[in-house]
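After this come two complexes, each holding chain A, first together with chain B and then together with chain C.
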Partner chain A sequence: MRRRRPWPLVAPAVALVVVFFVLPYANLVVMSFFTPARTRPYDPLLTLSNYTSVLTDSFQWWILWRTLKLGLLTTLFTLLLGYPLAYNLVRVSRSVKGILLVLLISPLLVGVVIRSFGWMALLADNGLINSLVRYGGLAPQGFKLMYNEFGVLVGTVHIYLPFMVLSLSGTLETIPPDLVPAARSLGASAARAFWRVVFPLSLPGVFAGCLLVFVLAVSSYVIPVLLGGFKVLTTPLLVVQTAVDVHNWPGAAAQAVMLFAASLACIALWVKLMNRAMRGLPG
Partner chain B sequence: MSVIAVRGLTKRFGSVVAVDDLHLDVRDGELMALLGPSGCGKTTTLRTIAGFEFPDAGEIHFGEHRVTGLPPERRNIGMVFQNYALFPHMTVYGNVAFGLEMRKEPTASVRARVTATLEKVQLGGLEGRYPRQLSGGQQQRAALARALVIAPDVLLLDEPLANLDAKLREEMRFYVRSLQQEVGITTIYVTHDQAEAMVIADRIAVMFNGGIHQLGPPHEIYHHPQTWRVAEFIGLTNFIDGRIVGQEGDLLVLDTELGVLRCRGPAGSAETTGASAQAGSARGRSGDAKPERLIAVRPEAIQLTQGRALAGEARLNRLPGVVRAQAFLGNFVDYRVEVAPGVLLRVQGDPQARFAVGDHVEASFDPAAMWTVPAREEAEA
Partner chain C sequence: MSDPARDGFGRERRAGRGRLSRAAFLALIALLYAFLIAPILIVVIASLNAGRFLVFPPDGLSFQWYVNFANSGPFVRSFFFSLRLAALTTAVATVIGTAAALYVVRHASRNDLLRMLLVAPLQLPGIMTALALLIFYYAIGLGGTSYLGLLLGHVLVCTPYVFLTVSAVLYNFDHSLEEAARSLGAGRLTTFGRITLPIIKGGIISGAVLAFITSFDQFPISLLLSGVGTTTLPIQVFDYLRFSFDPTVAAVGTISILITLGVVIVTERLGGLESLYWGSRQ
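Here is the complex of A and B:
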């Protein structure tokens, strides 16, 4: 049998990625080696000074750590909240599933700005939650729920949860429903049947969901701005400040490359870890 | 030593009664087939016995142990599923060892028992394969090994051969049967395939609408069905409406649209009474008081002749007819004979003497090869 050449079919996608992802990134990388300038984005003089100043700045490292921590915590909480949701989503009847899926995705229909404002109304010092807390006499001062890492985390977890659930339920759907009864018949309790059978088989979904949410969370901009109120700085915020406010485009580019490299390192570690865990899985 | 006793089992799903006051006794070492069309409640019955469903009413005992409320992992059952339900992320060894690991067996003992069981099902040497690397028949045997290695009290099989191709399925029937007898394990086998049930089972429970219509050994189910549903489901049957108008010796005389027919009376089927009495839903006996009956005749019990006098009691039931269709099937010829306007009888005839479409023939049947069941209206009531 002659093998069909796949490239005519993948060409549009490849072109899209090259034009809108590879080229801008290449441009960014090139820019990060140029010299900052006052009157234009950069002077085309090659230099390593952008990197030396970024890499030797402990503030930059601290912000990077905070960004990655936000990504990791968001991933962890969406996984913990999303797994039970996805697990039950694949078990309900078809009609109920349709409704739940629409409910799950409906937050995505409202822009991220509006949803963040929604959280602000809830989390602000004089917001709904604190009003209730004070009214109930739990804490006369109320709680600091916003303009800190907690507020940002609430926002990112909420907004990226659907991505985790969809990715998990996609894998959980493929697990044959008789496997749990089979494990139970062999003497496994419900909990052991889950940990020995369902969870290992759902690892591809865990892998993809975590990857997706982590990447989205570390690069998020609007949520840290609105719910962190510039008190919670992350690398994307810093990049924008450096480029727009300080007008140091090459410096911003170097910061972006640094975040990119750090994310890539995290992802590589994750891929390696999960590949080991998923050895023996079908497909 | 383990005997399965099911008493008054009832299971509802919403307003649907899946199993309705079902009684079932499986003897020690016996293979009991639950046979019936899809939706008859056979799988629900099995899943309730396994503990995957809990009954709305009734009790289940394994030997002296009441297991009604126990979760499946505390019932010591071995179960084989229709799609085998092998764990795809574990090797054959891992699958078969799973039940022993759950029982916290020492590793050395696990290894010995898994190896021995895999040898028994002829899968020695395939321990390191994943289920997806096995053929259908091998997956089937791995599933059997996984269920048997834990030395369960009862073996529950849910349509275990349904996913195999026809030829392999036939081989596996005999294989499953001999394995079950070798192990000597009390087994319930759910199937919708009557031939499978006939080959494999010591006794068959024929189920309709959540209840057992008849329970008995395969030959009894085939030769003495007690309701028209059972007669219709097992093999091919011609039904003739009739009324009992008298008795001649041990023959019933029935008036039918085809004239007077004589049929084996209740005395002729007395041997079935005992076995069917425990099948609570068999409504057969009491129906004798009512004269409306259905006469049932198997296609192979009808003889076709042309102008030749028959000896014996077959003379008693003779119907002239015309061959309307015939199909040669090798070991027999399948005829449709019109014995009255619009009334067609299925006849399986001797391939040596063939009749052509349009031939005038005489269809005769021995009263001993006929039986009556309660008329349809009554059976459905």
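Here is the complex of A and C:
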């Protein structure tokens, strides 16, 4: 006779996720088909007008394009900066690795608002970097380092870099360390050994890391607000504005669904590209 | 084969070049770590800086921003509110997350599907989850910004961390220990308390720490779900930063960094950072 499964153990967690996660998202999708109203957040009358107004608004498209562009640039830069970090991390001794891991994770453990403040103190017009620039006589006006896309990009790259490094080091760790000496002994240069042996084998980590960072980056909210100073409007900002300031819930829901659809399309494209790149790899 | 490394001269030159490129690589790594740490160091330095802005040459040392923080009613209130909320969230998330991990790892047959469902709150953007919750609360009549609603939102995004860290430990668990205890006459509860719990303690503590930090630093969920009287610290800080650059924020930031650091050091002593590392990847 089989023992009864102790399902009450998992019931609270499942109930929590179903009631306060699955249902609210389902409700959000339904909301995007409701009619906006003047005196309350919505009227429960079905309509497609939210989507037609989002899809025919060139401003919405332009904001969406900027959101995706910033997401892609963030992904690209975290990959470029994260690869050397991950490569180094899997090659150091165990004790050094412990210290590096703490350094790598510690930014993750400081709230996003506090981190943004740190960047503001560095990048502001009268912040530390510009003060150094003026002191050194490099540029008397200083540089415009935040309240623009550059500032937002610095913030998002900083925040998501640890995620990329952890994804990459997970895969790099599985590559047998003798492969590079083997390639070298067969006459390959260090660069060739890297590009023909190590890099192709690390593609699964590149794939997962880019996916993770892109998904997080296109939905980031705090960084664009604080380091973009409302001058760099992205779709998540627009969604919150529409919902909270304009009080148009159906409109906000439709914009949110648009953002999800657009990021899914990007992800599908990426999966297809990576499948082609990884064809022929073992395992 | 005319490999330059074969003759002595070539090997020497190549080794020299290798050293140089290795030094350049290590310099790059050092720069990247500096980039990672910079904003956090800057927060600490700004909190001790006498002037409003960090400038070069520096203005001198001062504790005035800490005094400002201690004298600011809204900051102190939201600080203690956040601590209480994080403590309650951690308690709830730890219990239901641990229980769920015990079930999924040991008893579930379709355990991939359950796992996916339970970690789903980490996969979707917090700000969208917050919006969905706000609208949902209104629909079920919970009210937009009640304490209960805020707490449930926090528990929702913190439980997956506990679930992940405890599952990680349970997968490496040697079941024969429990069987031995049972065969020696220990009851189910005694076995759990004397054998299972001590072994999975590390995973539970790491999970609880992650849950606490996630709740204490939580931004998107709190932004849309906190209201008058339920303002958390990150929201209070954010409201200040939106309109002005006030170094009191640096003092607040330094204090929260110290709290986080203290919690992490204690965890490192108790359970090791490995499982923390595993959990934060998700």
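Here is the rule we go by: the second predicted complex is superposed on the first by the 260 of 283 C-alpha atoms of A that agree within 3 Å, B and C clash if a C-alpha of one lies under 4 Å from a C-alpha of the other, contacts with A are read in each partner's own complex, and residues count from 1 in each chain.
In the analysis below, a residue touches a chain if its C-beta (ideal position, glycine included) is under 8 Å from a C-beta of that chain, and two chains touch if they have at least 3 such contacts.
Here the structure is a predicted model, which is why all the values come from computation and not from measurement.
With both complexes superposed on chain A, which partner does A:Pro200 reach: first (chain B), second (chain C), both or neither?
Only chain B is touched by A:Pro200; chain C is not.
Can you tell me whether chain B or chain C touches more residues on chain A?
C
Regarding the shared-chain residue A:Arg192, is it in contact with chain B (first), chain C (second), both, or neither?
So A:Arg192 only meets chain B here.
Pick one for A:Leu238: touches chain B only (first), chain C only (second), both, or neither.
neither
If you stack the two complexes on chain A, which partner ends up touching A:Leu168: first (chain B), second (chain C), both, or neither?
Neither partner.
With both complexes overlaid on chain A, does A:Gly127 touch chain B (first), chain C (second), both or neither?
second
Who does A:Ala183 touch here: chain B (first), chain C (second), both, or neither?
A:Ala183 contacts chain B only, not chain C.
Quick check on the superposed pair: does A:Leu64 touch chain B, chain C, both, or neither? Answer first, second, both or neither.
A:Leu64 sits against neither chain B nor chain C.
Under the contact definition given at the top, report the residues of chain A touching chain B in one complex and chain C in the other.
Residues 187, 190, which sit in both footprints.
With touch defined as at the start, can you tell me which chain A residues reach chain C in the complex?
Residues in contact with chain C: 5-7, 9-10, 12-14, 16-18, 20-25, 27-28, 31, 41, 81, 84-85, 88, 98, 100-122, 124, 126-128, 131-132, 135, 158, 161-163, 166-167, 170, 187, 190, 215-216, 219-222, 225-226, 236, 239-240, 243-244, 249, 252-253, 256, 259-260.
Please name which positions on chain C make contact with chain A in the complex.
Interface residues on chain C, with respect to chain A: 1, 3, 18, 25-26, 28-29, 32-33, 35-43, 46, 53-57, 96-97, 99-100, 102-104, 107-108, 114, 117-118, 120-121, 123-129, 131-136, 138-139, 152-153, 155-156, 159, 163, 213, 216-217, 219-220, 223-224, 234, 237-238, 241-242, 245, 249-250, 252-253, 256-257, 260-261, 264, 273, 276-277, 280-281.
For a test of understanding, state which residues of chain A touch chain B in their complex under the given definition.
Listed in rising order, the residues of chain A that touch chain B are 176, 178-179, 181-190, 192, 196-197, 200-201, 280-282.
In the complex formed with chain A, which residues of chain B make contact?
Going through chain B, the ones touching chain A are 47, 50-52, 71-73, 76-79, 81-83, 85-91, 98-99, 102-103, 130, 132, 146-147, 150, 156.
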